[in-house]
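After this come two complexes, each holding chain A, first together with chain B and then together with chain C.
Right, the complex of A and B next:
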């Protein structure tokens, strides 16, 4: 990204801007672009194809069983009307928002930033220990992480043992507060990403700037808000975009921990979509929900792309 | 000043340690439970450690075949991703074209699309193309889904290779692909390794894609077959589940160690992402 998309003063620019000046000896412009074809081909067939198919199927009554299985016909906006009138769908939207807000925007983002900031002041031993633990949680396969945390939050689990030590009552968190439990699980699993992005960004903030700000009397929190954070605003934006979008589509973690339950208390949009499309075989309705998710993702993606562009300008 | 520095350093260390412990506790469970014959759900060191859990899961159906399937699936997909990403990154990094900016923006936009949402139509597409329950089809889809991110990262790493060396090669009559293979790739192999390993780790942990696209038990990778521990027979055997989880996690741990020893670790990735 050092060039076209998002030029950044801090990133190492290639020592001759690739202008094509001098250029390779043979090959017209089109031939030069030839190496792009495998990537474009794959993305057209397996990414653009399904999305276009999604736009089509979302307006039909396509199903794996029943009438929609034999004669697929257009039903206009029926699927969307059905969705927005269904309480299960609105429930899923709310849970997705709560999940994203708690686990990505508040949890992973702040904890990751906090860890990266604290690590700059800590001793090497502590830094390595915490870094390894946090990254370890991240490298674990999704389903394994889900099992570890199911055990942790269970009635007989470690969390309750710890709560008993300090004299607090325990409970089965996966039943009592499933969306909170899966959100915390997602924080546990995903914080490493934000930590890495922020560590990299902070390592490029010159120490002198912060020190001179300190000389001028800007202490602690003020220095952080007015000096350090503005200098890494690009990283904050990129990180927020990526983790929000990752969190919107989390499926395996929640599915393995709660299957969306109890009832529908942790059924976020991906799980609702899966249930409708496959457990209930309503492909048309399922793709309509998929389209809603794609639209949400697209809006987020566009907002942040705009942000990146205006920052860079 | 110095006293205050020391206090702030101490506080930082203490807070970090507390957070570190919270991250470690769930990890300890899997370690202890795997060597405990009567493992429950809390972290406790077994009274008589045993390797029996490992012995119980180390057989073709439970471990060997799913892990092998996973290696074929994720290895194939990661390689395919990398080949396409390197080829695509070269013209994007080297030649200025009106086409580059819209293409990169599209790629960046695609990294944002929730792959989960695409899965229902992908399943539909796979039914149409007769690709459901085929390893090849699944590899191609997995490769495609990580391609946007891989292109983006690879191009960033490639931008770090000075173009002047290639200009010399061009003068000597080398073609583009020759320059890519002989000059650019050798200079950016650490970057390639970082992208390749992270792509693989991401795929290795991916549950949803193979869960949807593969059906036959004998084709399922480790990420999906782990569900067989929760059969119809009520409480799973937590000790065996933990042992299996450890075995299943080992390849990515090894890759990660390789990465952090030789390549500056995940911090290289953080540097490439943060822009």
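Right, the complex of A and C next:
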């Protein structure tokens, strides 16, 4: 699990490529491949198959009803053109980025790191208690979590009651600020993952280095920024990559809380895709949006991977 | 390295083979259409019949259960499986369409809304019924308009209608009395409706003055009961039949959205988030109206099926408490009032394994006795002459005469394969306006662009007549 100080795993090991070095004769290798064929066949059918079918569908007018259901035909880039001309689509992209930024990159990431740092210094009792609470939110089934959170953010829900106690005016979160509400919900639900990653990474930071930094006069925030964080930077990047990809594709939580509404105020790409494909029957268009989502995920991954590589160098 | 390349090549080959296989399969199954063969008598068979079950109403369930017993008694060895599809508007159609795509899951009889049937016919999901109908004596009892309801552009008939409906304003006379309004309410313009709603808001707090369905969760109910009841009261329409083109950029469209904006921003309508509950339609019928929480409802003629003995919320007093009045046109011009009609049909999927038995069951559903029973319990407007003249049907409800008279002014939706897509854009525009996300002008502009991309720019016009 720990991605911190494992130099052997960091550089792509050349030993993974047996073809380069002599090895057994070709016939023997083919025989060795034989036991793998069922697995590869299954992967092709159940993994590669749907993906390729999805790519194919994105360039057709496939639909659940109307002409696209009877005579599926290639429409070239029409679906993509339609998407980029549509204001609903740009709205969905924008909301997806906001949702990812607020809930994953800022929320889960910093909160998870903060909790991990604090828990390192706390007593066992506090650590156990906080750990259980945070991980509890994570193990809850998505729909249950969404139900609890919509009760929390509801007009006469817990949040507004608490705000009234301290004399602050409440508001109907799910209606007035739905993207904020679902972002907070996703932070609540997903922070445990970052916390676990960072806890593991921090436990790998040698005590001696921190102590010597303290001896040199780097205390508190300075030590955190200049010593601890650089030492776990690989864990940070890995964590960011994982939670970003997870958050980009969050569907159930938002659907159960707001259905993407009101209007399209919390309609991120997965919800827009679902609506177009399954409520409005446009399978071809829906899969085209899925491909765009894939591309966005790929861009994020590339950025993080670059960071990881430059770290390794 | 060589090995790797080979592997890739093999993989690609396998995948493309797979894909070809898949498409070949689907090709095969779509082209192979079972023969009609209406004359053959069907042997014992199992038939599956799918319909929408949403909310507490059980009228259709009870009706089908009765017909099932009748059919199974008359055809020993045959069984009828009733398949309720528990889903809200849009989800029901999606689930049905997914079922009809494969011979393994296709039901033998489906309940299809007339607005969708042309789209599903184009999709090749349904079987033409002409060979069956030509030998069926009861077909002559159907009104001509009803026969046309499920007739496709190819001239064939794909469904047997079991009723139609009209739409108007229902209002609560007790709330009207509290607000000092007349029991005999005859609004002449949209402004009259708004003024009355404002009076109720002012004089009877705690009551929702006016309900107009709006937004995506209510699906076609929003488009038809809500939006089109407004639009067809303006000088504009959705579709220009003379030019065979869809209408974009019309003032009537914007005015209708403006009406939606007005009722929601002034608070004479429910709160937007209430209206955006997929259960809202059930709530209006089984809670708000019977419990005196809603003063005026723009709704369908069938609404009272909730309040009958067999309904979700028996409420015999409805005949005294509620009044019905026609929805006026925007400024009282034209015929002065407006109504829209739809209805549902029984259809047989193209991939049904037992179309002959399915047809026999449809005939059981449509005996004079059963057709009358459903028209009465389901609060339908009869589409058969023998049902319409039935004494029991005529006296079934106090509102029947009122809603039947509206047939004189009623309008049908453009029964075209593209209509469901256009309808989705209408409810999207409504939701944007009611939640304050867009102005009516912006929402209308987005609608125009969407319609142009659905039907093609050359199939749109700015002239309604």
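Assume the second predicted complex is superposed on the first by the 259 of 313 C-alpha atoms of A that agree within 3 Å, B and C clash if a C-alpha of one lies under 4 Å from a C-alpha of the other, contacts with A are read in each partner's own complex, and residues count from 1 in each chain.
What we mean here is this: contacts are C-beta pairs under 8 Å (C-beta built on N, C-alpha and C of every residue); 3 or more make two chains touch, one makes a residue touch a chain.
Values in this document were obtained by computation on a predicted structure and should not be read as measured data.
S.K.: So, A:29: does it touch chain B (first), chain C (second), both, or neither?
M.R.: In the superposition, A:29 contacts both chain B and chain C.
S.K.: More residues of chain A are touched by which partner: chain B or chain C?
M.R.: Of the two chains, more chain A residues are contacted by B.
S.K.: Which partner does A:154 contact after superposing on A: first (chain B), second (chain C), both, neither?
M.R.: A:154 contacts chain B only, not chain C.
S.K.: For A:82, select first, second, both or neither according to whether it touches chain B, chain C, the two together, or no partner.
M.R.: second
S.K.: In the overlaid three-chain picture, which partner chain does A:53 touch, first (chain B) or second (chain C), both, or neither?
M.R.: both
S.K.: Looking at the overlay, does A:144 come into contact with chain B only (first), chain C only (second), both, or neither?
M.R.: first
S.K.: Based on the superposed arrangement, let me know which partner A:169 touches: chain B (first), chain C (second), both, or neither?
M.R.: It touches nothing on chain B or chain C.
S.K.: So which positions on chain A get touched by both chain B and chain C?
M.R.: In chain A, residues 19, 26, 29, 40, 45, 49, 53, 278 are touched by chain B and also by chain C.
S.K.: Within their complex, state which residues of chain C touch chain A.
M.R.: Residues of chain C touching chain A: 1-4, 11, 14-15, 18-19, 22, 30, 90-91, 93-94, 97-98, 101, 116, 119-120, 122-125, 215-217, 272-273, 276, 417-418, 420-421, 424, 428, 431-432, 434-438, 446, 449-450, 453.
S.K.: Quick one: which bits of chain B touch chain A in the complex? Just the residue numbers, please.
M.R.: Residue positions touching the partner: 8-9, 12-13, 15-17, 19-20, 22-27, 29-30, 33, 40-43, 83-85, 87-88, 90-97, 99-101, 103-105, 108-125, 140-141, 143-145, 147-148, 151-152, 155-156, 159-164, 166-167, 170-171, 173, 175-177, 179-180, 201, 204-208, 211-212, 222-223, 226-227, 238, 241, 245, 248-249, 252-253, 256, 266-267, 269-271, 273-275.
S.K.: Using the touch rule from the top, collect the residues of chain A that touch chain C in their complex.
M.R.: For chain A paired with chain C, touching residues are 19, 26, 29, 40-41, 44-45, 48-49, 52-53, 56, 63-70, 82, 85-88, 172, 174-175, 259, 261-265, 275, 278-282.
S.K.: Within their complex, state which residues of chain A touch chain B.
M.R.: That would be residues 1-6, 8, 11-16, 18-20, 22-27, 29, 32-36, 38-40, 42-43, 45-47, 49-51, 53-54, 57, 62, 111, 115, 118-119, 121-123, 126-127, 129-130, 133-137, 139-144, 147-149, 151-152, 154-158, 160-161, 188, 192, 195-201, 232, 234-235, 238-239, 241-242, 245, 248-252, 255-256, 270, 273-274, 277-278, 283, 286-287, 290-291, 293-294, 296-298, 300-302, 304-305, 308 of chain A.
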